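Structure record follows, encoded as structure tokens.
Naming follows writing order (A, B, C and D), and every chain is counted from residue 1.
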């Protein structure tokens, strides 16, 4: 499990006075990008090499609202990694460890040029090698 | 089923050159707000009366990416309406009727003052009355 | 002067209960994109041809806040058009014609490949021809 | 001068492959919120006390684009502080100290209840006291 602090911005809030629900997916994305970075994989370098990881599926359950000024962490776990996709579980928690939201995301590996599937064992072996770590 | 056109903005795109995945939830929200409006229910009036509909759960499957310049519609259907929650199904489609993404959202009715549950049969009878329409 | 209606989204609001100030620039951008479209110029086609119009400078004065539920229009005027840049003036107004905000934007024409200046009289003559219309 | 690191998010990018211009204002806002915090002033506490600082005017000049993956800092300086407004200057710089963008913002102090002016010497003396520090 990988954990980062999320720096909330005023623009994350909505007129309910809490963080807007769609923005949680930006936090999840930051969580998984930094998790990959902690494994030595720079997502922006992957894009420069001509591959991308578009999102195939997301889900989120909102348990408690998040207010600006709260200290929030995003915990990320890889739950599945195959030749063509990676699935993540995300928890947003506060300082007391209370879970604010639970989400999951599945991303797929594609060629940047035409969005067709790029098999990671061939195109991105450094990412595919993570299968041994989960 | 209720259908609206989504006016894409440049800010909806990301560096994959397509609409950023989290923004689909803004479109879904616009779709359900306008659907309620078509039933004579103004969500902003509900907020003024002291109630809100925070999101409890969302899901989205991304089938085809959406590029700026495409004509996109959001189709909304109410799939469930109880005293405390409403569930919606959302389809984003293009002019040819191709489905770009399928999502669902569950919102709950709460008091604005303290985020506690507000039973719609008592607090928002005009919304609860929609049960007969679905 | 070109005028469009802005479809406000819930995500445009912040916890002050009004439209977040940075989002006005998305509205301005939509205003100028649609103005160009009304002149027969499709900005997304310009990008496909290998040119872009990054923003060089923006300014906005906020006169009255904008609440969700209000009907808002964006009025756009081209104030200057040279071989390398276009300047716009933007007004956000409500149904009564009250001015909510006044802004201006200067965009420059560049090559997509390396962000170097692209002279419009040579690269984008259809845009440069607009000088006769302002 | 106060300096913070900006954590860029994927959602900050647009299809030019760089950070979307309107998002700079979120960074500026984060910069000034954290600067006030460094002076012992918690903006979210100010809102809880019934006051707000809506934006009255912004300006930004974009010198060089910002790509995801770059390390970016926001430098904030208070340039003016009167009884009713505060003006800030913002610089976004990279690790080499290159200035990417220069902006300024003027915020005004108002009552949350009705957006009318709140004189800081009376309502927010701890903020007004900063005049001696600039």
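The rule is simple: a contact is a pair of C-beta atoms (placed from the backbone, for glycine too) under 8 Å apart; a residue touches a chain by one contact, two chains touch by 3 or more.
Being a predicted model, the structure only gives us computed values, none of them experimental.
Trainee: Which one, A-B, C-D or A-C, has the same contacts as B-D for more than half of its contact pairs?
Mentor: Having compared contact pairs by residue number, the answer is A-C.
Trainee: Which chain's mean C-alpha position is the greatest distance from subunit D's?
Mentor: Relative to subunit D, the chain with the farthest C-alpha centre is B.
Trainee: Between subunit C and subunit D, what distance separates the C-alpha centroids? Give it in angstrom.
Mentor: 23
Trainee: Mind checking the centre-to-centre distance between subunit B and subunit C? Centres are C-alpha means, answer in whole Å.
Mentor: 28
Trainee: Distance from the CA centroid of subunit A to that of subunit C, rounded to the nearest Å?
Mentor: Subunit A and subunit C have C-alpha centres separated by 32 Å.
Trainee: List, in ascending order, every residue of subunit D touching at least 2 other chains.
Mentor: 10-11, 15-16, 18, 22-23, 26, 29, 68
Trainee: Which part of subunit B faces subunit A closely enough to touch in the complex?
Mentor: 15-16, 18, 21-26, 29, 47, 52, 54-62, 65, 112, 115
Trainee: Which residues, counting only subunit D, touch subunit B once they are in their complex?
Mentor: 10-11, 13-18, 20, 22, 68
Trainee: How about subunit D: which of its residues touch subunit A in the complex?
Mentor: Within the complex, subunit D touches subunit A at residues 7, 9-11, 23, 26, 29-30, 33, 42, 44-45, 67-69.
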